[in-house]
Structures are given as C-alpha cells and as structure tokens.
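Got a structure here, written out as structure tokens. Questions coming.
For reference, chains read A, B, C, D, E and F in written order, and residue numbers begin at 1 within each chain.
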C-alpha cells in the first residue's frame, strides 16, 4: 500500500527526521512518502501557525489523491486542517492526534497529553473536545520547554518528561501518556519502564494503525461532515487555491 | 469607536450588502468599516473553504490592529479562523456565531440553528461544542436550500424558514432561532411574530453587543489560549503570511 | 432608553453605591434608575436570603414593565429570582451573573468565579450549571472573607483577590476572573495588569451589554420557559403577591 | 417518627387530599402531619408561583424544626425552595421530585417525567439538571392538559397518561414514568400493567423512602451547600421573614 | 417483609459479621437472611474477582425469587453482577453502591468515595459513570491500605479515614463521604462529628431504603434493560448455569 | 505474530464461521487461532449471559498468555468480561466493540449501532458510556429480529439493515453504522454503496487494527484500572477459577 505522510511544518529537516523514524517501523509492503509543504511556518506553535500551515498543506492532500495513494497521515500533533483534508480527500486521512488519543483511550482509564508550554494547554484541551474524548482525559501538562529547547537539550527533556509524567500519574490518575510534540519522541520506552504506564509516540502509533485500517478497506464517510466541498470561484492566487 | 467588520467571504457584493444593513443599526458614534479579503472563496460552504478564507482574512486582522481600530467582527457564521484572529489581535475580536449563540442561550431555554443544507449539520454541531454551549442546543436544522437558492428565491426561503423554525419549536423545544446564513436574514421579525419565539440575525446582534463590549473596555485574555504567536520563519510567499 | 437596575439586597446604601458606579459608565442617552426592594435581607449570602429577596423584588419587575422601561438588570451575583422575573416581564431581563459568565466564556478558554466564603462554592457551581456553562468553568475560589470583611478591609481584599486570582490562573487554567460579589469591585484593573488576564465586574459588563441588546431589540422568548404565569388566586397578603 | 409534609400550594383542599393518600401508606409508627402555608399561590404552575410559594413555606420548615419533627417532605413536584429549606433545617428535608427522580434512576435505564403543559417542559428539564440526573432522563412529555383539566376530567386524564407514557416508552426509551403533578396520581397501577414499565407517584415514594432514611439516621450535610444562613437584618415584614 | 442480603464475597466470616450489623438495624417486621455463595473469591478486589463472584452469586438471586423473598440486596460495594441479577429477578434488587451513591447525591452538593487502594480508583470512577452520577462526584480517594490491613489495624484505619475524608472535604469539595469497603465501616459517626459532614455506611443505608421501597411496592422495570434473559442452552456445568 | 480470537459464545459452529471470515483477511504473517469456551451460553443475548460467558472465557485469556500469544481479541459485540480479561492478561486484549466504536468515531461525525432487538438498546447505550464515547453516538437502533431470525432469513435481514441504517442516517445524523451482531455481517458493502456512508464489521476491523497495534508494540497499562488481580483463595470449583 502507498501512504503519504504530510508534515504540516515546512521544515525539511524535521520532515527528513520523521521519515527516518517511520521507515524503520513501516511494513515491508508499505510504500511510504514523507513530505512537507513548500510554504507556511517552519514549526507550528499557535492556532495562527496551524491555519497557515493547513492552507499550505491542502494541495498535498489533493496530490496524494491524484497520485493513487491509499491513505494520508497528517503528522503534526495539533492535526491542523484535518477536517478540510478529509473533505478534499476520497482516500483515508488520519491525524496523529486523532489516532493516538483514540488508542490511548483503549489502553488505560485516562490519558495525559504532554505539551511544550503552559500557554498551549487550552488549545490541547480544545482539541480533545474536538475528538469528543474529554471524558477520557486526565490532564494536559506542559514541560515548560519550547520546542527549540527540547531539541537542544535532550537530557533535560528526558528529565522533564519523566517528572511531568509522574505528576500526571500520581496527581491526575493518568495511565497513558501521549507525547504531544515531535521534540519529545524517543524517550517513551524508558518512561514506560520507570512508571509502569504506557507512553505513545503519535506518529508511530498512527502509521501502524493506518496500515491496519487500509488493509481493512476503511475510509471516512463522505456524506456530510467530510463531504466534498462544492466547486466555486476562489479569488486571488494564494498558494493553496 | 472604530469597528472593522471582516467578511471572510471574498464576495464584494455580499460585503457591500452587509455594510448597508449594519450601517442602518450602528450607533452614531461608531465608525464602521466593512471589508473582505482580496483572495479566497467567494462563499464559505465547507471546512476547506473556511481554512482558505481564514488564511486570506488574517492580514486584515493585523491591519485593523495597526490602524487603531477598537474591535473586529468576523462576519461569517462559521467563525472561520476565530482563534487565530484572536491570537494575532490585541484588540477585541468577536465572531458572529460566538456572540449570537451566547445571546441565544440568554434569551430562552434552548436554541436551534438554521443552516442551508443537511450536510452542514455536523459542522454546526461541532462549532456549538467549540463554544461549549452544547447543553443549550435544541437542534441544527437544514432548510434544504443552497445559499444560491436562498438568494434567488426569497418567497420559498421565507416559507422554509417558517416551516423549519416551527418544527424546531414543536419537535425540539427551541425557543430561540439563530439564522445561520446571510441568505436567511431579513425574515426574522415575521417569524418571531408568527411563532412567538426569538429569531436572531447574528451580524446585527454582534454589532450591538460589540459596541457595548468596547464601551466596557473588554478584550480577550492574551495569557494562553489567545496568546500572541511566537515570531518565526514562514517559507514561501502565500498571500497570508 | 430606560433601564431599571434592581438590587435585590435591600440595603439602600449599597444600592446608592452601585448607582454611583453605573452612572459613570452608562451611555448619555440611557436613563438609569437603580432601586432596591423595601423588604427582604440587607445582604444575600444564602439560598434562603435569595428566595426571600426574590419574592420581595418581583413587584419591582412588574413596576418596570408598567412604567415603560426598556430593560431590567437584576444586580446581585446569585441572580435571585431571575427565571421568575423573566416570566412576569415582557421587557428584557438580564442577571449580572448570567451576562458576565457568557461574556467571560467569550474572552478566554476558561473562567474562575471569586466568591467570599468557602461555603458558597457549591452554590456558585450550581448556578454555573443553571446557565449550562459548566464546560467553561475553571473553578470557583473563595477569598475566605465575609462580605462585611471585604467592605471593611480594602487592603486585605485587594491582596486576597490578587492571590486567589493567581492561584486560579496557575492551578486551574483560568484566563478570565469574574468578581462574584459587590465587595470585590474596584480592583479589576490592577489584577488584570499584574496577571495578564481579564477581570470582570459583573454589574458594569451587564449594563454595557444590556444597552447593546436593547438597541438590537432583543427580548427573552415568552413561549415556554419564561411564559407569563397563569393568573390565579394568591392567599394571604405577603409583600410580594 | 414524626414527619411533616409541607404542601407548598396553599390549597387546603389539595392538602387534605394528599394527607388522606399518605395516611393510607405510612408506617403505623409514623406520626404524620400534612400542612400548607397560609399565604401564597393556590397552585404552582410557574417559577413565579414557586418563588412566592417558597417564601411562604419556609416558616413551616422552621416550625417543624422547632417542634421536634424528624423529617420534612416538600410535596410539590417542582421542589420549590428546596435548597433554602435545607439551609434553615437541621432535620432531614426531602423534595418529592428529588427522591422520585433518584428512585426512578435505580429502577430502569431511563425515566420520563409527565408534566401538564408543553410550556413547563423546559422548567422540568432544568430541574433534572439541578439534581445532576440529566444522563438518566429519557424525556419530559406534556399531557396537554392544565392541572384544573386533569382534576375535572379523570377519564381523559387516564387516557392521556397511557398515551403519552406509551410514546415515552416507544420513542424515547423510557422504562420508568414519573407522574409530575398531583392531578395525575391514582392511575399508576393500570399504566404499569398495560405497558410493562414502572410508574412512580412521587409523594408516596418519597414518604416510604423518607421513613427508611430517618430510620438510618440520615440528614443532609450542613457544611457548605446547605449551611445555616448567617443571621442578618431583614427589612419590612413579609409573611416569610 | 423478607429480604435476602447476598454478600458476593464467599467469606462466611465476613458474611456473619455483616449479618450481625444488619440485624441490629432492621425493622422488627423485616425477616432478614444474609448469605454468600459457595464458590468464588473470598474477597473482591478486582474486576476479575467481580466477574467470578457475580457468576457464583446469580443462583442465589434465582433462589430468593423462588423462595418468596420481597427484595434482594447485593452487599459488596462494587455491585458485582447487578445488571444480570436484575435481569434474572422479578423482585426488587438493589446494590449497596447504587443506593448509597443516590442517597449521597441527595444529602450534599458532591460526594467522595473512599476505596482501599490507589489502583482501584479508576474502577470506582467507572462505576459512578455506570449509575450516571458523575456530575455529583467530588472524588474517589484511596486509604492506601489493603482490605486485610484495614481489618488488622483499626487504629490506623480510623486515622486514615479521618485524614483522607478531610482532604476530600477541603480539596475536592466533598460534603458526603461514602465508605467504599466493608473494612471501613464503624467509624462513620466520629468522622461526621469531627468534620461536620455526612458519612455513609452503604449496607446500612441500603437496608433501610430497601425496606421503604418494598413498602412502596417498587420494583425495577422488566421491559428492556433488565428484561428476563431468553431461555437458551448453556454448555458445560459451571456452578452458575 | 500470534493472535488468539476468543468467541465468548460457546457455539462451535459460530466460532468456525468467524474463523473462516477472519482467516480470509489476516496478514500472511499472522498466526490466528479462533476459539470458544467449553462452558457457558451458546449465544449471548443478555447481561446474564455475558456474566456467565465472561467467567467461562477467562481461562482462555490466561492460556493465551501462557502460550506466547501476542494479543487477544474478545469477539462478541458486548465485549463481555473485557476489563477482567485485561486484568489477567499481560498481552494486549481488545474487544471488538471497543475497537469498532473508536474507529467509527474517527470516520464520521456520529455513529449508530444496529442491535437485534429493542430490549437490548439500553444495554448498548450503557456500553457506549463504558468507552466514554457517548458524545459520538447518533443512536442505537434495533432491527426487530432475534439473532436466530437474522441467521434464518438473510433476505429480510439485509432489507432491515438497509431500512434501519437509512433511518439512522436521515433521522439521527449517523455517518457510520456499526453492525452490532454477528448475524448482521456480510451486508456492509451493499449498505455502504446504497447510502454513501461507512458500515463496520467489528470483528474484521478489530483484527486489522490489532495487527497494527501489535506491530507498534502497544499494550494496555497495568498500573491501576487493568492491574493484575492480587492472588487469593477461590472457594468451590467453578470451571472458571
């Protein structure tokens, strides 16, 4: 099967890194392409960034449909533009937040999302409501580090993940931790072992579930919420029309 | 006070029509400017349209801030890009759905949103959840007419609004009807009189509430959910960066 | 327009103080009358007080209707008798809790209500559910001071508001603070500046929103929840029949 | 044990009728007194009526406490003034709606409340939320008859109860019917037999549960929600101060 | 009336102890039989234990029906097999968790359940959702003692109950404490007195409410959720078929 | 990978039929074993059946753990004993309801569950709450046919599925249909094509998602909700201890 993974962040470096991780775990019979848009923010750290990134990313969704892919994964934890992407796609579209939150809900009583900064907490809570999973949310907890800082200081990042995950377990009743940012990936195994809980890397989990869903012939319904948009005039020439 | 009303639909004609209606009801001391973006969809009838429109509209939000406006109204019932707009704005930003739903919740036990087509119902339900007002929602009911059809056939539009509003009242317990599309505006008074309920025209309601909120010095909090996005590199040159 | 503000507390002194504050901010074309009932509790600090106050206040609601007012504001944060008042009124009735909670929900992800004493916390949570806004509630937090103490010791009151608001922001994720008692009013600006959040004085916010709503011709629906009560025999001669 | 049943409706006739019914089912060792206030509305059919009735009824609550009763039952299905009554009482206070809804939730998956008129539906839904039982509510359904009509026409009342209860069962999934008005009492057994469901007469159910709760030494908590109101000045001389 | 109390734990000693407590408080006219199954776990401390216990206990439910009992009480706080028991019973079946949580909801704004160990917290939260009472739940708090330890060390048990109940009151807003384990029973009165709240012993509360409900002729609905199971072939010969 | 599929129904014929279907779609590298318990009900049509079936099935869960399987699928749509199974298992356990409901929530705005008989509707609604997915539920709708009838009359079964699915789409807003009974399987494709929605066969969907989850190394958390039960004495010798 052919899966296109779209990183809505326009950073080529981050995209290559993601590709390297996913290639390791894909099934041998999966043809994987990991891409990012030519325009838009280098990293997504606000709703503003997400809107621009979504508009820049949508042409890639159309392209995957045109080129015979079987499924598309939107690989940024805020799932920017996920509803619009499903509208313009006839093939399965999955967001890494969407899949990892549903999987988290199956693996324990409640889950906690780790996010870089305190000011992103309400956005994450809002996104959990988007997926109607608020009943299974233990908490959203910030590391108190920017994305750049998690990249620059892996030692402190690991320490903070352990510390915050422990608080989530002890104070909020979390049994599953969802790593809500690419910069946190790579420490899951150690945290799992030390705390006796489950820690999910959203991109990896989504790729494997996506392979299963493609095998099962699953697609999103096109009747109403994700119906193909009516054709119409778009003025101007943004990169995304 | 100076208020900029942004119509995220790029139709100049619709924008002029909206301006004419709002000028009639604004306070004498309100300086009103009603604008639309130069790019983006002529009308917004899907989440895809909304994402593109949002990205095209955000420069106008920044402009209103730069030019000393006191408040911004996003005048399309799906409130496209409302969170992003609040992030990039230091002045008050209100969406016409946001305000009209909160006002509706104050005027009766439950409200119903009228929307043009059946396939938009889940999107409207989703938006009500966005504002955490799902407990006050009686129903979302479609007219079964496209926006173009409501424009072209006012007689049938009025008939359908009356008919569907009556169903909402009798079957769903609605006490307030929110007209969820510009094409439905202008029939409120007659429906109110015939059914003994309240019917809200979101743009008008929002302008008047906005004037009061500006008077009261109210702005959205900038601490977390609507915090100013961090400065960063945007690749490419979309109209919206 | 003519607005009657009813203070359900029977304290003439508190009522004159409220009048002074509201006169400062009303529109020049607003004719304002601020009154309190002749009977009932001097201050409202329990549900018992609220029931008595409501029964004493309802004749004033009828009076405002008879004397050609355009709107009524019930100016006590527990909104005593608000549903009954809407039933016996054909003109718009707004409670200061009702309006300030809806406005708070528009200005940030979640709001916190400050209340004088710990034992009033469940009552405030109950009232938030009454307005179906529990999804937007961060917390109710007590100052740990009686109303009398907040009146008597402004320095400590300001300190406590700052302290408790900071806890609400840091521990509960509040972005908007609603001052749930007249004795707390007057410190909003300083708390806003120091914590970077929004602080609402319910009476002021409600007056300005009310002016806008009257301008927009808005009234509550009279079909069911707020339908005019059927005429009937009242035995005895309580002050309120 | 001594139980005072307070009918907040001031109708002596209705109160004597209620007494006759309850005397039949009380335990031999229960000393029962059924009373109504000297002032207030003859029947309660609006929130306005409920507020006045509550203020008129509260002196009886104090009296029951002073005279050594073990428990008080507020016997009107809207439970007027229930929170205030619990505040001014040290002995157990139960509302017949409160108890019958909780019992209904134990006897089947979902319950339906029958209410006289369509316009009371939102008030009943609001009251169910007051008791935090909205998850167990199938529906509120009106008979389409006033209280006076149910009294005057028992044949039609029985027909309508059967008809509406059947709709509740078949269309809303109700398994338990709560008769939400004194005028509907007396037909429970026949409806139960014909529809294979449970039908609750709130007054009877409450008396029997109350006897059990008194035996068990149960009272409401006095710490916060139902804390004794602080002593204070009441102006004027309403019948209720 | 004849009530069979079934202890799903197979410990005869615990069952005799329970009998002794309940005999003290039963009405003189109540004929009480307290039994436990011949098979299954000695104590129930997991969902696994609960499933086995439920299957072992169901024959006793059938027996109570066959022998003319009026009601059955399932006397283990996790209410194992309660739905199945109601299905196979034509007489009233009550679980001690079910009844005590509904009673708790009537006696204060919110309740807290005490449970022996941290790891049982999610199970208790799940059970509260089963009864649709999550809106009234303040918290579930563990003592941090096994059932065996609560039996062995009454002094420390009392201390921990006081300490944890105080935290529930002060940090979670609990007004009613439900003792979620047989090992905690016997300290209610002292905790009530010291903290000014209500503390419920589920078995005692349930027996008294059950007597009242039997008097009132109440049974669960047999139409759908608790409908009698269709007759069918059971393979093998487990003790429970 | 090695997956054990446990059919909690003790019917060998149904189990062989399920095996035939699953073998067709499993990955070549998946070693599949489909089994049923030696005891318990031939089919599961009540909570009573589910409790007995759960107790009979748990030894198979232990066996799969002992024999080196990678995952267990509980293949009956009511997911009997799922929590207990997760407790006694260190390897991944998935229920077909659990997985198909989460997948359904990803594929459309709301889903409807089809169930054989009206009287099973509350049980299904209860199970949706168990998985905290009630916000995504459009409805549970019965075919009005017993399991035996769906087996015996495929023509009518197909007609009814089409008819009821159409009602779910048009009246309840369903976009995804979950076939809540083995007897309904095999008609998914035709319903999908005729109604433009998605129809899920829970067993197939679960097998494919399970393969992906095993690949991803996912297991349920063992910290609290699914912690291994403490060792203890079991009296008697049920087949399940």
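Just so it is clear, a residue touches a chain if its C-beta (ideal position, glycine included) is under 8 Å from a C-beta of that chain, and two chains touch if they have at least 3 such contacts.
Because the structure is a prediction, the values reported are computed rather than measured.
In terms of the stated touch criterion, the partners common to subunit D and subunit F are B, E, listed by label. Shared contact partners of subunit B and subunit E, listed by label: A, C, D, F. Note on A-F: across the candidates D-F, B-C or B-D, the interface recurring with over half of the contact pairs conserved by residue number is B-C.
Here B-D and A-B were compared by C-beta pairs in contact; the pair with more is A-B.
Subunit B and subunit C touch with mostly matching residues; of the residue numbers seen at this interface, over half occur in both copies. In this assembly, the C-alpha centroid of subunit D lies 28 Å from the C-alpha centroid of subunit E. Computed from the mean C-alpha positions, the centre of subunit A lies at a distance of 43 Å from the centre of subunit C. Annotation for subunit D: residues 109, 121-122, 126, 132, 173, 175, 223-225 touch two or more other chains. The chain pairs satisfying the stated touch condition come to A-B, A-C, A-E, A-F, B-C, B-D, B-F, C-D, C-E, D-E, D-F, E-F. Those residues of subunit C that touch subunit E in the complex are listed here as 121-122, 125-126. Those residues of subunit D that touch subunit F in the shared complex are 109-110, 173, 175.
By the touch criterion given at the top, residues 25, 27, 94, 98-99, 102-103, 105-109, 131-136, 169, 173, 175-176, 195-198, 200, 204-205, 207-213, 215-216, 218-226 of subunit D touch subunit E in their complex.
On the subunit B side of its complex with subunit A, the touching residues are 10, 37-43, 45-52, 54-56, 58, 81, 83-84, 87-88, 118-123, 126, 129-130, 132, 146, 223-225, 227, 229-230, 232-241.
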